[in-house]
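Chain naming follows the written order as A, B, C and D, and within any one chain the residues start at number 1.
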């Protein structure tokens, strides 16, 4: 890891960003927040794709399971978040 | 610049952090904020030191002026910020 | 030095920015959906960018995985009832973490030489990943009722857990110096799987939300570690965002439950097992009927509704909305007071009431509504208990002393709907029920509310 | 590949974290000083780390520079009156940017081969650095009164500025492809210096705060570019923090002045030149004497003081504090209402009142005090004008329409202290002065307040 130092900076800064951004999430949306971060954590998909798409059989097998699992996460997570957010509406009140 | 990509990440993330953090600075302290960031921008001192401390005469000269200028920034900026912040007190009110 | 694929790197940078903007959107219901679209586009970009990067040489397994995963994910999202949300999040964490573990194993067994240089990151990845997989599955089982939700404890449990923890730690350190020892690598993973099971075992079902958030955090850490291992910045950033999210939600929950965060972090979370049968004081209470309630509500100008876990149990959110509509039709101003940990999941009440079409600007946070509580004529407490317990304000000896509550006792009349005098999650007595301005309306929340709404419809 | 100096890199990481924590501290006066200590320790670590990194082979110039800089910096900090703050910040920006330019030149002339690979960053650095140096010096001159503060304009000014801008841009692009052309490099720097002078020339002295914030932003960008050029992450982070800070403060100011941000960003900032002599309507005003004022104040239970630029001009902050003390001694509740752009610098009023020992929890922000304004018996406006102009709420045609103001007109009685009926910064008429509940108390703020305080001391 020749760029270990830079990756550490990225980790730390992203942690600060996460902390500040999540602190401002309205409590009203804490449940959607849980499912949204859940969907985002499906980003492991990126690593899984490379494994599944290689020419090595073991990689393909491990990758296939990983792609399936991560896709469930991503697709399911975003769909359910959308479904929840769609429910939050402001009524016109008289 | 072999690590250009990482540096870009660092720039972008630091921008996000800066944005979130500065947005939360209380308006009461906007003047100290200006002088504090002014002091922090004296961080160019780090680059200046390396130049002034080299064995190359041109570098030494350029570096000397740069170190002087940046030090004025750092020392003056932090002192004045401290001086201002010291004035912000909460009185015990009866 | 690997040659950099600049278009791919730029795509990843854009994806990272979109993830951050996506979560920023959640600061307000108005901007939330747009934010999620940002995050979705970010994910799409990251995936498409990876597929087109030129590293992909075979497609059949990728396509199969994506198709199968999409079908399962869609089915889960479409057919899942809102009340099953905690379970769904639990099992989904297991999937995400599983992907991280498998990627880690693949690095180790296939790209052997490369993997050896990055053992610290790889070890973290499989370790956190593995314990998140089984921990989340355990949480899923307990929430779904497949595994008994009561804490499972045995003598020496702590010693076993601590022992296993140090064993894994030792193996990890060993692997950093002798990465070639595959047996130790796989043993470490296996034990991590076991640890996930063991640390959730002694935790009661009601405490699962805290476990969920921690698992969220761990899954994030595993993803970030993967990023270090395969030198992928978008993984580090997405992982950090998830990590902070889980971490902050755990803090919020533990604060609101009056537990120290350390207590939560180190897994010593257990449902308090208080014998409540002897607790009830012999002080008198005031009972109300549905007719009494209607009478009082008809006189009111401002009514505040405080929902709690009981509303979720009774699935009464739609009937609550009907009541609120009936009152508003009569010119009564109705607000909902939402405590941060009412229910069993952060934001639980908000989602249920939103599902029942309550406007989100009627859902007021505790800090907003408390200062106005004394102007409320009637406060209806629907299946809430701990979050309205005034002992948190007054009784120094109470385990919930100091926890912020909704000050319902300041309203002129408080009507409490629950089935009995039983205690709530914290297992402690609630002096509110004995106050002179408190009226108890016993029964299942949904049934009682239906009767009440019917009363209003009569005339 | 350079060999990494890990202890140095870790030191820089820690310094970066400390800078961020330092600015986070400024979110509250309580935590602000601790925050600044963090930032100072961060700076110390970065400097000491660099000195010990092994790259330093000669010490005499470093030591001289540090000693001279420290002496000058200390003198400036200790002997500078608070009212000279804008000037001080301006000149300080010039120093910071100068360091960045010199570091850039050094990279170019001494480490020639290395510099050529990093021309984009280097170019940015010297370009932004140079224009910040002269721009800040111009701002300093105007604020200090060395240069006439009136806008200096001439025919074709815009064309010249835009022409120079494109010239510099062209050279920059050329240098990226032909970095060996030193003549072009130095010409580019020279022209950047000129641009800094030219863009500040047409801007009036009163608009300098916006210029200052922009220069802050540019200095930050120059530092960040230096970070790219010499591969130093702490420079990138500190530069980004400064850049965001300047950017956000410019946005706040331009919003509060009802200017579009683009208008500010592209330098088209000019003091509005309205001829105010004919503006005064012939409507009657109510005049108050010092005795009248004392009489009204004695009857009040709650008084709100609204300071503005006039208080700064008159140096009346200490006398204001005395008045507030005298009132509080009589049991009157006194609050200060601080508009975000009262005065000529963000936070101007807060610093002056803090200097005069006013407790910071008495300084209320506009959003906090406005909803309670109708419960104020008397509102004393001391040298404020635009920030209390109700035309911003009511007159669609007013240039300040839509700008948030302090709703002093909602108080039972409004006492306005100023020297005449003259307009303020925006150069527009203020209908407040003609309201029936407004009483005008003419005179220099400090003199009038001193008389008033003397009256209170009499009995």
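Going forward, contacts are C-beta pairs under 8 Å (C-beta built on N, C-alpha and C of every residue); 3 or more make two chains touch, one makes a residue touch a chain.
Bear in mind that the values here come from a model prediction, so they are computed numbers and not experimental data.
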item: From chain C, the most remote chain by mean C-alpha position; value: D
item: Between A-C and A-D, the pair with more C-beta contacts; value: A-C
item: Whole-Å separation of chain centres (CA-atom averages), chain A against chain B; value: 35
item: CA centroid of chain C to CA centroid of chain D, Å; value: 44
item: Chain A and chain D: spacing of chain centres that average the CA atoms, whole Å; value: 40
item: Whole-Å gap separating chain A and chain C, where each centre is the average of the chain's CA atoms; value: 16
item: Multi-partner residues of chain C (at least 2 other chains); value: 1, 20, 233, 237
item: Residues of chain B touching at least two other chains; value: 2-3, 6-7, 9-10, 13-14, 16-17, 21, 24
item: Chains that touch, pairwise; value: A-B, A-C, A-D, B-C, B-D
item: Residue ranges of chain B in contact with chain A within the complex; value: 2-3, 6-7, 9-10, 13-14, 16-17, 20-21, 24
item: Interfacial residue positions of chain D with respect to chain B in the complex; value: 1, 19-20, 22-24, 26-30, 32-33, 36, 39-40, 43, 46-47, 50-51, 55-59, 61-62, 64-66, 68-70, 72-74, 76-78, 80, 82, 85, 88-89, 92-93, 95-96, 98-100, 102-103, 105-106, 109-110, 117-118, 121, 212-213, 216, 219-220, 222-224, 226-228, 230-246, 248-249, 252, 328, 338, 340, 345-348, 350-351, 354-355, 357, 359-361, 363, 365
item: Residues of chain C that touch chain B when the two form their complex; value: 1, 4, 6, 9, 13, 16-17, 20, 233, 237
item: In the complex with chain D, residue positions of chain A that touch it; value: 2, 5-6, 8-9, 12-13, 16
item: Contacting residues of chain B [partner chain D, same complex]; value: 1-4, 7, 10-11, 14-15, 17-19, 21-56, 58-91, 93
